[in-house]
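Note that chain A is present in both complexes that follow, paired respectively with chain B and with chain C.
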Partner chain A sequence: MSTLAKLFPPGARQALPVLLFLLCGFVAPLLAVIAYSFVPPRTFSLWQPWTLENYVEIFNSSSYITFLWSLGLAAATVIILALICYPIAFGLARVFGRWATLITLLFTLPLFVSENVRIYGWILFFIKNGVLLGSLKSMFGWELESALFTVGLTLLGMVYVYLPFMLFPMTLGVSMVPQQTREAAFDLGATRWQVFKEVDLPLAMPGIIIGFLLTFVLAVGAIVESKVLGGQRIIPITHDIEIAFTYAQNWPLGAALSVLLMLVVGALVLLVLRRFDLDSILGRR
Partner chain B sequence: MTAQPILQLRNLTKAFGGLRAVDNIDLDIQEGEFFTIVGPSGSGKTTMLRMLTGMEFPTSGEILLRGKRINDLPANKRPTCMVFQSLALFPHRSVGQNIEFSMKMKGIAPDLRQKRARELMAQLRLPDTYYTKNVTKCSGGERQRVALARALAYEPDILFFDEPLSAIDYKLRKTLEKELKDIHRETGKTFIYITHSLEEAMVMSDRIGVMRAGKLVQVGSPQEIYSAPRTKFVSEFIGDVNVLAVKADGKDQVRSAELEGRFKSPPIPQGMSDGYLVVRPESLRFIDKRSDAENSIEGILYNEYVLGSRVQYQVRVGERVFIVEKLRQQGFEGKRGDKVLIGWDAVDSILVSD
Partner chain C sequence: MENSGDRAWRALIWTWTLAVIVFMYLPALSLFLASSTSSRYFMFPIQKWGLDWWQKTFASLEVRQLFETSFFLALWVTMIAVVIALFGALAFARYDWKGRSAYQKIVLLPIFFPQTVLGLALLLWFNALGLTMSWHTAVFAHLVWIIPVCTLVISIQVYSFDPALEEAAFDLGATRWQVFREVTLPVLAPGIVSGALFAFLLSWGNFPLSLYTSGADTTLPEYLYAKMIAGYTPGVPVLGTVSTLGAGLIVLLGYLAVVLLRRGGSTAKSAD
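Let's turn to the complex of A and B:
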């Protein structure tokens, strides 16, 4: 075998196109963002002495508030979605039978419509004299305050938009619990709650954890909901980043914020994956 | 058998739509009995078991446990426990945690639970070190024992078994069958076992009930089921048998239209005109001349199989194939294609209805 063939075994050669694509499309922009976070504020060239000024500025400013809003809203979204989705997932996997496909389709359909369009749909629904308040006014003569432009509605929008991302991994998790194992627990004297706690939950955990991570990571990056439904009542970190890159023309600051966000989210994900070792949950190790 | 039966079924029926999966079953099971329900798939035996465990509820009829009606009691409230076909062990738990599950649900203190679990493990010959081992890492036979220990830890009045040995290879199955029988004797508990293998039922059971299409067609000791099957279905269920459709022809003689012959049979019951004459392969023998047996047929030696200690011969008679089995040491010297005479005596045959 020649040295070249040894250096590039068939597997590596086959992987080359994907590797190049990932290097250009994924690794390079990421490296660019990281690099930009170290150049002096309000400059646009990478070829100058690097500095930590951007990070210092972030820690001296009130950016942590937007960080907290983003993380808090994402956490709230995940918790609310977990409570909403578990019963639906259980139904899809165990109860609905042949209706499950149709119901799944209903939950998937909104994904075919752009997120922005759906969010503006909510505006029409909640706006003063809109679908909800207009109807209440004309039918009952009730004049209520619009719920628009509140934190609550921001949360509602996020819960609505990210529902499928929690529901489908969770359904997969729930359907992985063998029916006979649940029955065995029940037969051994467990109450319904005990069956849920001792069998359903731990065995569905891989799907549930994936749903948690997926929705959390997506929700931390949410921006439209607070901008449109929340009326900028609160500013999430993504909004700060957008402003830094656009109006403020301060790419290095935006890049530094992005890097910090990635670090925080990455650390959280690693922490969860370590705490819930998916393989050991499944008894594979 | 004057004591009150531990379990009584009265007109027990379960219908799914128009289909009666379990059809009007009456049965008494005595305390301490090893009772096996045998039937082919779709005979309703699993549905019956699910009603007994409380995972399905009867459409009509009654289930009485020590004389008390338990029809509507769900599985977790019944003092019975089942070993599942898939065993249904908890894969995320250790051997010890699996065995202790029911005790934990009852709120028994951890040290008492552990003591009992280790006792059961010793009784079932599971190494003590397995207490912390993950069940998914145990072998097939070990998992069977864990499942049995887990069920015994519940201290059930009746233990149910849903074909737990069906997916296990022959040799291990034979060992586990004997172990299960030992455990039954040691614990003195009532065991109700379902299987599609009459052979398995024969080895372990005190009594066997044969099910077909939701009905219990015959109940009796293994000896009764084997030597005195009442129907063609039960006789064929045991394994290879020779069955001949016959018509009564006198007091103890039948006529076969197919073979155009008359055969001596056991005494024909009053009023039976059509039936089947059953001759087990081991009751058939090769003979030299027709006068060596009460009944004889001439055929051609067609095939020969060695079944371990026994040898099976197939003898063609017209379009029919008769099966003859002999112990290997009594082997028969014959070549394929030879003309042979096979015979049997009336006492070795059984007359059954459809």
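Let's turn to the complex of A and C:
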């Protein structure tokens, strides 16, 4: 074999198109954001003396509040989704049998409808004279205040939108637990709780952690939920970034905020992914 | 003793799952209800049922234009993504090579990334390159996210692919191209169809990436967003319901295609 073939074995050759594409479609844009975060505020060209002004402005402002809101809401979303999804993941892996495919499809389908349209559906559900309040009024004569435009509803929107991203990795994780191991534990007299704590949870952990990570990262980037359902009661960091890019026409400031968000997300992702063997999760034989 | 408790647990899990499914479809139901009223404003319970707004929405030239833009965007994304992701998936799951583990993680990065920020990053990058935004740049933007997703979906099929099949074909004197066309492609077909489905539908429904990178061209999700923040119009529920039903139909057809391909694959295998 020639040295060329040695340098580029079949796998590397087939990875090449994807890698090249990600180089100009993912790495380069991120470098562009980093570069833009160093140009003077309210300018649009890269070719000028660089400065740290944008970062100074951020650290002197109250941006940390929006950061905390984003991280806090994302963490709350992850915790709620873990509780909602575990029984379903367990069901998909162990209980539903031939119905599992249909149920998986039902959970996949909403992913294909634009997020903002589905969020709008929730508005129609919760709005005054909407599906919920209208029904309560006509059936029981109750007239309640609409729950729209609250932080609670922002959270509901996020839980709703990101549910599949928790459910599917979790299901992969739960499917990895060998049935024999569980039965052995039961035979040895373990209670249901002990099997859950000592067998199911540790062995399903890779999938569960991937679900946590994916949900958290996507939820940190959530914007439509708080803007539409939450009535801008709170401003998450992505909304701040969007304002900088649109109304304020201050691209460098938006870029600097993005860099800070990317640092948080990137550190978390790299830290977690480094420890995982993806082959075992995705089912290499 | 395990069994009686078992039945109760199973019932509980079924009930919980069905309740969550109902929760997942409440917005779609609300959209459908709001689209089937004849009045200008949505009041529940509905006084006057009717499909007037469906007619009005579909008679609009603007809406046809939106469907066209979104369709061609999604079509191009699907065609390019499937080709690149097919090779990407073989590298991901089929071959053992140095750097594969790192490659697998690099492929995941765009998925594990907030999409709003990705859209803005691409906007800055296109701007730095001096490109004019149109749906062409949006194709590129969608690919950044959809190629990795598609690679993962096809990879899952590749994992269950037995390399011995390819080797046997080589031993029998097949050329590289023949092996690819006659062995690799047919065996991976179900995965490729699922990958294409994901690519098309995710591109069709994408909002955050299109928003910043499609320039003057407007996709359906962008139009709906502009309408819904501008105030209420029943056109939004109509188009939302159409999207949901359309996606359901495509998923159903795709699912049938995958089932047929699997069946075809297994009969071919047993005939050998």
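Please note the rule applied: the second predicted complex is superposed on the first by the 249 of 285 C-alpha atoms of A that agree within 3 Å, B and C clash if a C-alpha of one lies under 4 Å from a C-alpha of the other, contacts with A are read in each partner's own complex, and residues count from 1 in each chain.
Just so we're on the same page, contacts are C-beta pairs under 8 Å (C-beta built on N, C-alpha and C of every residue); 3 or more make two chains touch, one makes a residue touch a chain.
Nothing here was measured: the structure is a model prediction, and the numbers come from that model.
Have a look and say if chain B or chain C is in touch with more residues of chain A.
C
Output check: A:15 vs chain B and chain C. Expected answer is one of first, second, both, neither. What do you get?
A:15: touches chain C, not chain B.
Touching A:148, do we find chain B (first), chain C (second), both, or neither?
neither
Once chain A of both complexes is superposed, is A:186 in touch with chain B (first), chain C (second), both, or neither?
Both partners, chain B and chain C.
Per the contact definition in the header, classify A:178: touching chain B only (first), chain C only (second), both, or neither.
Only chain B; A:178 stays clear of chain C.
After lining up the shared chain so the two structures overlap, which partner does A:198 touch, if you call chain B first and chain C second: first, second, both or neither?
Touch partner of A:198: chain B, not chain C.
Take the contacts of chain A with chain B and those with chain C, and give the residues found in both.
186, 282-284
If you look only at chain C, which of its residues touch chain A in the complex?
2, 5, 9-10, 12-14, 16-17, 20-21, 23-31, 33-34, 42-45, 84-85, 87-88, 90-101, 103-118, 120-125, 127-128, 140-141, 143-144, 147-148, 151-152, 155-156, 159-160, 201-202, 204-208, 212, 220-221, 224-225, 228-229, 236-237, 239-240, 243-244, 247-248, 250-251, 255
Touching chain B in the complex: which residues of chain A?
178, 180-181, 183-191, 194, 198-199, 202-203, 281-284
Which residues of chain B touch chain A once you look at their complex with the stated criterion?
53-55, 74-76, 81-82, 84-86, 88-92, 101-102, 105-106, 134-136, 150-151, 154
In the complex of these two chains, what residues of chain A are touching chain C?
The touching residues are 9-19, 21-22, 25-26, 28-30, 32-33, 35-36, 44, 46, 84, 87-88, 90-91, 95-96, 101, 103, 105-122, 124-125, 127, 129-131, 133-135, 138, 160, 163, 186, 192, 213-214, 217-218, 220-221, 223-224, 228, 238, 241-242, 245, 251, 254-255, 258, 261-262, 265, 269, 273-274, 277-279, 282-285.
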